[in-house]
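Both complexes below contain chain A, partnered by chain B and then by chain C.
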Partner chain A sequence: MTVRAGFTGTPMDTSSSRRGGGWRLLGLAALLCGVLAVFGDDYQLRFAAEIFLVGTAVMSLNVLVGYAGLVSLGHAALFGAAAYGAAVAAQHWGSDLLLMLPVGVACGMALAALMALVSYRSAGLFFLVLTLVVGQMTWEVVFRWRAVTGGADGLRGFPALTVAGLPASHPLALYALALTLALACGWVLRAFVSAPVGHAVQGMRDQPLRMRALGYHLGRLRLQAFLVTGAVAGAAGSIYPFVNQYVGPNTVHWSMSATLVIMSVLGGIATLAGGFVGAALYLVAQTQLSSWTDRWQLLIGLLFVLTVIFVPQGIVPALRRRFRS
Partner chain B sequence: MTPVLQVAAIQKSFAAVPVLRQIDLEVGAGEALGLIGPNGAGKTTLFNIMSGFVTPDAGQVRLQGRDITHMTPECRARLGVVRTFQKSLVFPTMSVRRNVAMAVRAAQSTGYQWWRAAPALRQADAQAQALVEAGGLASRADTLAANLSYGEQRTLDLLIALAQRPRLLLLDEPTAGLSEAESHRLLDLIATHHADIALVLVSHDIDVVFRMCSRIAVMDLGVLIANDTPHAIRADARVIAAYLGMPARLIEGAGS
Partner chain C sequence: MAYIVVQILNALSFSVLLLLTGLGLSLVLSLMNFVNLTHGSIFLLGSYIGVQWMASGAPWWMAFPAAFVLTGLVGAVLDRYPFRQFYPRTHLMQVLLTYGLSVVFADLMRWGFGADTLSPVLPELLQGVVFVMGFPFPVYRLFLIATGATLALALWWAIERTLWGAAIRACVIDRGIVETLGIDTRRLLTVGVVLAAALGGLGGALGAGMLSAYPGLDEEVLLLALLVVVVGGLGSFTGTVVSALLIGFVTTFARMWLPEFANFLTLGMMALVLMVFPHGLLGRETRQL
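Coming up: the complex of A and B.
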């Protein structure tokens, strides 16, 4: 479980007291996951799997936004392209995890590379718009290319997920898979941000001019940040269609990218664990509130505003402070 | 011997306003050149041209005989052209040691590594620690740079530059805003490290320039009006004219 401890890291140097707070939060999260695995019904397990997968995508966005300082409005396209890539591949070659994962990772990385290329020299608002454009181009392809993607109807009817030939479509199996993937991706991102390249990416966020004077090539750093976050978002996206045996064009729409950004801010942009907290909060609020009122988006907006006012760094950093004191 | 830095016939205009006209300079290893002049004289533009952040309209920049006029700042940095900026540019969310390690890693090209346990990185951290101690920040090695005092940030800024293993070190106002004691400590730090480095120093503090530099170049309105030993500069009529309004300070500074 040392992996999970990494989730509570921040872009700053970790101190022992910070880790102390992290361990207690980690225990709580592990307990919650265990309780859910034992007592959760099929619906809850599928829902939790969805939270893990979307949370993994948000976690990768956190690395891009919080650590690299690159605010992207096209991140859902990486996740969604991988989901479509996996679903289409499943129709032709079967849906084994050993195929789905590489396909998803490749889709995510390819699109991330394109985004890095298109936004090569841009910053701030221009960067935001260029990532949005690439994202919407992806949506356009998905929406218009009916023969392959099913257009507005999305894709259904692809085979259920297997792992090395064994069926993995049972909700508990999906839950376990999604959790394992989330932990593995967390470990990868943790390794990235604490390696020299991750430090350099944070240096690019804080002092781009100094980084150039030190001899770091900012384009190269940006590409690396895009590739690693694209790979992680792609890995999460590759399993996503199998949670409900469906993938629709909304997965790649820009509004989904905006939702990921909102989840990111709710949980805390400069944390890895924040991705899951933000995704859980948003998705739970969405399903619970929408069964109760049509104006659920208003309430989520209110939640967002309250977060920004009272815990501007996000919920996870606030919880961590709380647990430490 | 070829000088470390040669700047030949450099010209630069911004929107048809000439900023630099026919600038020629040379700095050798172990030599310290002071660059002084009133505001708007073109010192910072010349600095940017030397470090690659600005491309000149005409003229050449050579590093140990090699033409680097059109080379990017990143490439120059890897060849040992190191600069600081008027403001301290330190990494606020990193510890002092990691700030310096960032520069050591850049110099040993391990800055993009994905594997943090590599032996080269332990070596980089050890080098960074040694520099932090040499700079008198040993007790602050684990402090976040954002929490340092102004003077400590200035020192850290210089340590980052020294960690890049410069051949040519371009310092822009290194002592601006420092107390006299702090500024002396900083200059001592530079002096102990620049034995085989070519140093170019821009400063408004005439005192500092006269104390550190073996040669002084004076600029005014984009023209190099003098380039000589401190002794000769002190007596130069054109220099005193360019500094009209503060000749007393120049002469006073030079005398101390």
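Coming up: the complex of A and C.
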């Protein structure tokens, strides 16, 4: 049996948001964000902030899966561990963003490093299962360590979020904070994928053997990709408890990881903006469906199936093609 | 000492279940490189079929063939649509498709069979306990070990010692060559998928007497079965047997000594094994192209 090369599929267009179609879409997105900030009520602002944070996590997964070709089923663990880390730290030392962010980033990176270490020598299906295993180990810790994580009940009732002492718990402030974080993370990830190391990582996805022959150390490249995406997912996770006002063990469960992957595919795998589109579509669908019927899980499952059958390339690449022509 | 013996028997019965489930998953994975995350759902469906059948008053022993055939049929339908288009696709797409389907199946089963834990009404023959060195041990689990071991042996014989098995094994190595010999490999692969689903369902029906049937069991079983396949190494029958025993024993004894950390320990041990053997215990080294 041979391991399929480039196993996320065909290499995709990686630098197109700077072209004409991209600008128009970007303008549309900015307009939408502005309208929401002015006219949105508290609930909508919180929901939008949640979309930004989850979207940021999906964006980091896009880099891991789409650019580095590392299909991980444990990404929610990075996001969730950071959320738990921040929530626990907030209860002890107060919740200032200047503390939450480093704690979240550290949690995300530490777990990402562990994942990279455990999966150091494996590829393909073995890699997938190992990330799943590390993710589920995190879930076990979160679920059993009741004294700290609240077990199955999760954690709620955090002190109000502040930024360098200034209160930031108003929904509009959370919205602005999440949007800023999303943009900053997008900038970091764009810098990473267009830097030499980012190109090397894409080379690892398409031609691992040739990259090795060129003298690249695949394990080190993989570790770097993991650390960057872990830091971004961790940064997003560190604010998540304050936006959502609750963290539960489901945040680290592998079904959440699979959900992040479907958001990523829905938006478009090797695109950064796709993360937000996928997260928005999925979260809106989930909220609407669960308020409409008890059988919403069935419909969410169908959403997975329909996505991979009908839009396996994602929505953002499809939109781009349309806008460009 | 006697307590340990009873626990060894417990571990064996769990291993046999893992083996039956893992063999189906392994067959599909090594035959067509297809990651089938609906395997847990098929297992749970088999459990529900077993429970319903034994409650219906029909001859109890028919429950197992019934589960085998019905879940095999489900496998045949799935193979036709939508699995077939996904065989040549990437693992990522296969995982998402089958994960989505498993969510759909889980919800359908919760709808159809309710959210309660259902246990089968066992026939008198299999009820009660025998005393092993003074400790009680359920008769059903002995039946489980015997049946499971027999089935695994039969499957081993079919794959390693018959012409059909030889064709299937050849398909794993080079499908094109088998096709040139005039064998319809498409049909052979369908047989593989149906057999895998049927084995999963049979495992579920047998397992219902030990694990019962409840929503969420599908996911637990799926995770363990994936571990069995991966730790054993793809395409290795012996490897699957060894890893089923390993995981069965580790889980059972971890549950006995450190119940709180049992799952964590099992997952951790398996991660360690995979760190040392990146292709599984008995898997062949894969060539990267």
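Heads up, the rule we're going with is that the second predicted complex is superposed on the first by the 293 of 325 C-alpha atoms of A that agree within 3 Å, B and C clash if a C-alpha of one lies under 4 Å from a C-alpha of the other, contacts with A are read in each partner's own complex, and residues count from 1 in each chain.
Going forward, a residue touches a chain if its C-beta (ideal position, glycine included) is under 8 Å from a C-beta of that chain, and two chains touch if they have at least 3 such contacts.
A quick note: this is a predicted structure, and the numbers were derived from the prediction, not measured.
Undergrad: Touch test for A:Gln224: chain B only (first), chain C only (second), both, or neither?
TA: first
Undergrad: Contacts for A:Gln286 in the overlay, against chain B (first) and chain C (second): which applies, first, second, both or neither?
TA: neither
Undergrad: Touching A:Gln245 in the superposition: chain B (first), chain C (second), both, neither?
TA: neither
Undergrad: What is the contact status of A:Leu214 with respect to chain B (first) and chain C (second): first, second, both, or neither?
TA: first
Undergrad: Could you look at A:Gln297 and tell me whether it touches chain B, chain C, both or neither (first, second, both, neither)?
TA: In the superposed model, A:Gln297 contacts chain C only, not chain B.
Undergrad: After lining up the shared chain so the two structures overlap, which partner does A:His199 touch, if you call chain B first and chain C second: first, second, both or neither?
TA: In the superposition, A:His199 touches chain B alone.
Undergrad: Regarding the shared-chain residue A:Ser169, is it in contact with chain B (first), chain C (second), both, or neither?
TA: neither
Undergrad: Please tell me which partner, chain B or chain C, touches more residues of chain A.
TA: C
Undergrad: Touching chain B in one complex and chain C in the other: list those residues of chain A.
TA: 209.
Undergrad: How about chain B: which of its residues touch chain A in the complex?
TA: On the chain B side, the touching residues are 51, 53, 73-75, 77-78, 82-85, 89-95, 98, 102-103, 105-107, 110-116, 121, 142, 144, 160, 164.
Undergrad: Write out the stretch or stretches of chain A touching chain B in their complex.
TA: 11-13, 191-192, 194-197, 199-200, 202-203, 206-207, 209-210, 212-217, 220-221, 224
Undergrad: What does chain C use to touch chain A in their complex?
TA: Against chain A, the touching part of chain C is residues 29-30, 33, 35, 82, 85-86, 89-93, 95-97, 99-108, 111, 172, 219, 223, 226-227, 230, 234-235, 260-261, 263-264, 267-268, 270-271, 274-275, 278-280, 284, 286-289.
Undergrad: Within the complex, which stretch of chain A touches chain C?
TA: 1-5, 7-9, 65, 71, 73, 118, 120-126, 128-130, 132-134, 136-137, 140-141, 144, 208-209, 254-255, 258, 261-262, 265, 295, 297-298, 300-305, 307-309, 312
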